[in-house]
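Same chain, two partners: chain A is paired with chain B first, then with chain C.
For the complex of A and B:
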């Protein structure tokens, strides 16, 4: 985990950038993010707390809150699902 | 005439005077709210109160916003700095304190010189640094001590001179300093070795939860000083005074009946105080709203009950408990823990810290993970360059 200070914000993160943040969330716990997007979140140990932290990291990077009410939550099972949702949320906010 | 009339009072500009000399000028309107622009005018108002029994509220002008000022005027106080006369009969001898407002808008609590004078046994001669904002309970504690006892001198600071207090303290022979834990953390962080040039024999902490790491840091810096912490509030008065260098107070003090001492109890995790020093109109048994935990032979007071709880996916996390863990890291000088709105789990634990620069946030997070449940580990940690201090010397931790 890195300090969130200072907040050098960008308008939108692309999938690779979100993936980098996801890697950091897992690395802080000594876990690796497999390549590709099909890995099952349960198998790699990416849980609700981790997803929440990732969302906050995205918010810190883009300098605004994500609106999770906008798209309605869907079944998030894979790495690709996480990247899809966070990319979509940035567009909707 | 007061027993401390000959005591020295050093003003922020370095001018040395005495309580007796501060009794200059005309009597004040009565009742009066003195919204002080400087420390000297606040002290003069107090000395006039001693002489005349003027009903008095003292507060730094910067602490009184327009709404609060209107409330004071509506309550009948003269406000000389705004040309407002009194418009009701005064209550002789009454003093009013504004609460710090850390739990909402400041409230007025009624006291008297007698109820604010909580140190009555003779003290060794000391020169006290008074870093508190005029009119706060802690400020009154030092002021009444100096008024009541010969040999208790005061060196007063103001916001402009506060940061440089070690130099003023060394210059004016300060031997005792009272401050909030935030004040002490900031001082230790900012001044380091310079502090050891001030030969302190008495260090006092109060106004905020006092944790073991700050006591240990002070002990290491001032090995020969007596280190005391005080649990006090405008409402409860001074209720607990501990000198043994440990956080919390002995559990044997609970439910103990004594003529002159407050009765302390813990009910449903909350500290209850029945104090002879309480403010006027305050219930005899005051629910303090402060969390109390009996741990072995000590009662620890980690923080407020309301506002302390962070709900992480249905798991209740105590912000105070997380803060205490962060503060046990040797590189952490200060910490604030809050809940941050987060998807899926409602809130995540977030922290702001000030460190000595030898630890990064990843290491700090791993440290927290070794000592806390997973849901309590701060997921976001922000490093601040300075300890944020409000005018009350508190920091909303």
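For the complex of A and C:
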């Protein structure tokens, strides 16, 4: 009998991998992710639900949930903040 | 059916009476001459001081509202210390500040257990003792504006408060004139629970409020006291104290 293996998951995504997923989230809305980490999220149109989508995509990749409270979300202003927060959340779970 | 009004409560049990609105309710009821038993997981120095200063009037206990055995023991202790309970304020609750999709299942279950299951069980316990001894009483459930209006980050919390309001209406039908049961639904006020709100959110709430200011516990106290003590014939209702943010 053939068994279907679950998709392989990695335990933690690095900044570049998270950045790739962020590019995909923005691309799905026809938006671009500027290079560097200092771009302002409001200027590139990355909203709080986009952060949710990105977090859920990261969860899919690492195979576990990254549940978190909203206050942390209120402090993210730049692309670098997004990458920092997702790195922090992965470390915490 | 009796044609006399349900008498004012004289011995009131307040859940979550250690700080915030609950502590203010305890202080207010004591000042109004009622006997009060209050519990929370941690008895704060303020509550302990009140109980020490007025041992014949105030009883304080360290009890988790989700621990039915401990709650039952505290109810019995209250009855033997202060007398039969004829008033209940379901005030203990925990808050939430997380989008539904990012709320862990165990956090969601804890919210429902603390804010909905536990007060329903406490209400059941107090009512059973009231009915078994031919007494009449009053119950006030502290709900929230969140039961009527949507706020992001509060889905499960709002569901518990809406659940208490729905239960209140059905219980009013069940209890008829044996006990009056109502809800007080405050708007946001400053406390440990609401400390997570950012200044942008608070500004937005104030802007949407007709009176132009946030609710304060002191605004809520006369309403709770009235429901516990005044002859009003108010039954199965939700009294909203929020400065008109939902108008």
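Here are a few things to note about the model shown:
Definition applied: the second predicted complex is superposed on the first by the 78 of 93 C-alpha atoms of A that agree within 3 Å, B and C clash if a C-alpha of one lies under 4 Å from a C-alpha of the other, contacts with A are read in each partner's own complex, and residues count from 1 in each chain.
Everything that follows uses one rule, which is that a residue touches a chain if its C-beta (ideal position, glycine included) is under 8 Å from a C-beta of that chain, and two chains touch if they have at least 3 such contacts.
Not measured: the values here are computed from a predicted model.
Judged by the touch definition given at the top, the superposed model places A:60 against chain B, while chain C stays out of reach.
By the touch criterion stated above, A:21 is placed in contact with neither chain B nor chain C. Contacts of A:82 after superposition on the shared chain: neither chain B nor chain C is touched. Contact with neither chain B nor chain C is seen for A:13 once the two complexes are overlaid on the shared chain.
Look at A:52: by the touch rule set out above, it reaches both chain B and chain C.
In the superposed pair of complexes, A:68 makes contact with chain B and with chain C alike.
When the two complexes are superposed on chain A, the residues of chain A that touch both chain B and chain C are 48, 52, 55-56, 65-66, 68.
Contact residues of chain B toward chain A in the complex are 312-313, 340-345, 348, 350, 360-362, 365-366, 369, 374-375, 379-384. Looking at the complex, you find that chain C touches chain A at residues 97-99, 101-104, 107, 152-153, 196, 198, 200. Those residues of chain A lying in contact with chain B across their complex are 1-5, 28-29, 48-49, 51-53, 55-57, 60, 65-66, 68, 73. By the touch rule above, chain A contacts chain C in their complex via residues 48, 52, 55-56, 65-71, 74.
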